[in-house]
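Chains: A, B, C, D, E and F, in written order; residue numbering restarts at 1 for each.
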Amino acid sequence: MPDTEPTPDERYRRGLAQLEKMGGGSVTAMLGKKQEISPDLADITVEFPYGDILSRPGLDLRSRQIATVAALIALGTAPVQLRAHIDMALGVGCTEEEIKEVIIQMAVYAGFPAALNGMAAAQEVFSAREKEGV
Amino acid sequence: MPDTEPTPDERYRRGLAQLEKMGGGSVTAMLGKKQEISPDLADITVEFPYGDILSRPGLDLRSRQIATVAALIALGTAPVQLRAHIDMALGVGCTEEEIKEVIIQMAVYAGFPAALNGMAAAQEVFSAREKEGV
Amino acid sequence: MPDTEPTPDERYRRGLAQLEKMGGGSVTAMLGKKQEISPDLADITVEFPYGDILSRPGLDLRSRQIATVAALIALGTAPVQLRAHIDMALGVGCTEEEIKEVIIQMAVYAGFPAALNGMAAAQEVFSAREKEGV
Amino acid sequence: MPDTEPTPDERYRRGLAQLEKMGGGSVTAMLGKKQEISPDLADITVEFPYGDILSRPGLDLRSRQIATVAALIALGTAPVQLRAHIDMALGVGCTEEEIKEVIIQMAVYAGFPAALNGMAAAQEVFSAREKEGV
Amino acid sequence: MPDTEPTPDERYRRGLAQLEKMGGGSVTAMLGKKQEISPDLADITVEFPYGDILSRPGLDLRSRQIATVAALIALGTAPVQLRAHIDMALGVGCTEEEIKEVIIQMAVYAGFPAALNGMAAAQEVFSAREKEGV
Amino acid sequence: MPDTEPTPDERYRRGLAQLEKMGGGSVTAMLGKKQEISPDLADITVEFPYGDILSRPGLDLRSRQIATVAALIALGTAPVQLRAHIDMALGVGCTEEEIKEVIIQMAVYAGFPAALNGMAAAQEVFSAREKEGV
């Protein structure tokens, strides 16, 4: 039985801090909208993925974002989240070049349509950041 | 139009070299069996994934294996390949700890059954390596 | 060999009746459009899912819609159908609260992106119903 | 509203005839086992896929089996059914060569693990048929 | 920001209590094995799915298990978990008949192979329970 | 080791020729856009799927397109590519009737939502071709 974990308030605070650290502005915006229909899911999304998991030691954030981007391209069912996580991958130190390599590699494991759709998502994110001068 | 790519023989040789570099013994063994029924697919698997893609510069091999392991856990349909790529991830410098973190993270993006099945695959690979004294 | 099933005309009629009973207005509208390109698929969709399966005894309609909503969120590839079935779930007695619980639960089994996309679908349906004064 | 369809008994009989025509011995065997736990699902599987759909005119059986084999390889979640349909594809006139081409092609659309697992399934079917002297 | 949630110890205790309440003996057994390779994932699986989500009010446990069984059949990638959740569905009040209806219904939304594999899983669970005299 | 394959330039040229032969105007247009963000992925998509795989002997182009259309409907994650491949299927000799049969058949193997979404894609392609007077 675990006994050194944070209290729930700590989980939420740590989740928000983690989101900020990862440049998760687009996630925060999306959760703001969810807040209206389901404050519970919005809270849980801060607490569990960000507060409990992504803030764990043992794997650097750059590797974590590579894993998430790869998984979302392979699944192919979450374009909004894919764009958010490509954006966050750039925020934690991945280069555009590296993200493109992850995408191209997914042609091998999930097929060309997955990779081509992933590249289209990256293009949107890269363009948006250029416009915003990030 | 690309004009500086290797000739096909180079692609195959480069694929084999890449496989060896990545400690892909289990892949080579699997391809040996495929050789019988479809030498073409066996050759193509050396040439394209390993000769063309995984040998590209622009992303380190450790990150490449993290991406592949994450994608295969998310897909959940390729247990043999997942075990092979967990093994290769260890071969190119990932620690067991890091692989476990990738797997736990997949609970967030692909659900707990995906993560639990991924962890079972990791357990098999880690045990096999321990027995073999790797 | 089954011997007490309805004749085909009965299957189609029973399918239409089932659709009406389940408040499947959005499905009927969608099938109207399919009617043009493929009257066969439109007919089959009335006959098999509604005439043969959803009208079976042995499971209440509220449970049937919970099963369908959960499955469509997990698959993540049928947003139009997901919205239609959330609407029908409300039509056969599920509360908005219950549907939100099904969606949140899918974060566990299919991952957070699936749940967040499911909640966005629910939000559209709930809003549309509110506007229409349902 | 359709009005020239067969009666249910005709659907079941037509399904059985279609299965026999397509050499679906492995499907019949599998359905025999399902008969015990769910005679309804066993009956429905004869009636709808075989009685209603695969017996439709408008597409030759060889093309139908190519479509099914491709889809099952892409999905990657139905190894038993994939083997049955590879067997049936051979039964309706596909050559082993053609099936291998479909499988290799799936590397493009669903990724290499899907293709490699598909080829392993084909190998089992081809070997079993050779032993049985088909 | 949520402020009335349980402390982590409560989450874990509540998760275990929830598992017991749902008759999750097979899950507990599986987690026991995971305990060895990843105590963290084993703990998290008690805390989040069971402690945080399945113990939420707002949806009865019978409906929750119907949702999970439907989702796992649709995904088709988690046979071990599917069997565990069919077992738990029976434990919280679903009848075998109802579970078979959920499975048959999945033929509509996820295809016949998904339903047939789901029925095979149910058959294993029903037989095991019969042997154990449950 | 393969020794009679074309040089890379031949692969690219053969890919382009294959695309033209298959009436892949929509693919070429899409690759034109990818060219900007990732010339490498655009080149690889010409070389591998078209230059290496779809140009292989052993399976006629009509069967190849039936396989691809079936797989993309089953996956349900690549609507842009599905429309392009339905268009190409018509270009290599499939009739609209045959494509509709493939789509209806997918209701059996991947579920009704997959088939209904596939039919919507076909409707868009058929309409666009009618407008363009193809």
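Odds and ends about this structure:
Quick note on the criterion: a residue touches a chain if its C-beta (ideal position, glycine included) is under 8 Å from a C-beta of that chain, and two chains touch if they have at least 3 such contacts.
Chains and their UniProt names: A, B, C, D, E, F = Carboxymuconolactone decarboxylase family protein.
The shown structure was predicted, so the numbers you read here are calculated from the model rather than taken from an experiment.
Separation of chain A from chain E in touch steps, taking the shortest path, is 1. Counted as hops between touching chains, the shortest connection from chain B to chain E is 1.
Looking at the partners of chain A and chain F together, the chains they share are B, C, D, E.
Of the two chain pairs examined here, C-F and C-E, the one linked by more C-beta pairs in contact is C-E. Taking only C-alpha atoms, you rotate chain D by 120 degrees to land it on chain E; that is to the nearest 5. Chain centres here are Cα averages; for chain A and chain D they lie 40 Å apart.
As a whole-number value, the distance joining the C-alpha centres of chain D and chain F reads 23 Å. In terms of their C-alpha centroids, the spacing between chain B and chain F amounts to 28 Å.
Among the residues of chain E, those in touch with two or more other chains are 44, 48-49, 53, 56, 72, 75, 77, 100, 104, 107-114. The touch graph of the protein chains shown is complete.
For chain E in complex with chain D, the touching residues are 75-77, 100, 103-104, 107, 111-117, 119-120, 122-123, 126.
Those residues of chain B that touch chain A in the complex are listed here as 48-49, 53-54, 56, 58-59, 62-64, 66-75, 97-98, 100-102, 104-110. Every residue of chain C that touches chain D in the complex is listed here, in rising order: 1-3, 5-9, 11-12, 43-44, 47-48, 52-53.
Of all the residues in chain D, the ones that touch chain E in their complex are 30, 33-34, 36-38, 40-41, 44-45, 48-49, 72, 75, 77-78, 80-81. Within the complex formed with chain B, the residues of chain C that make contact are 107-114.
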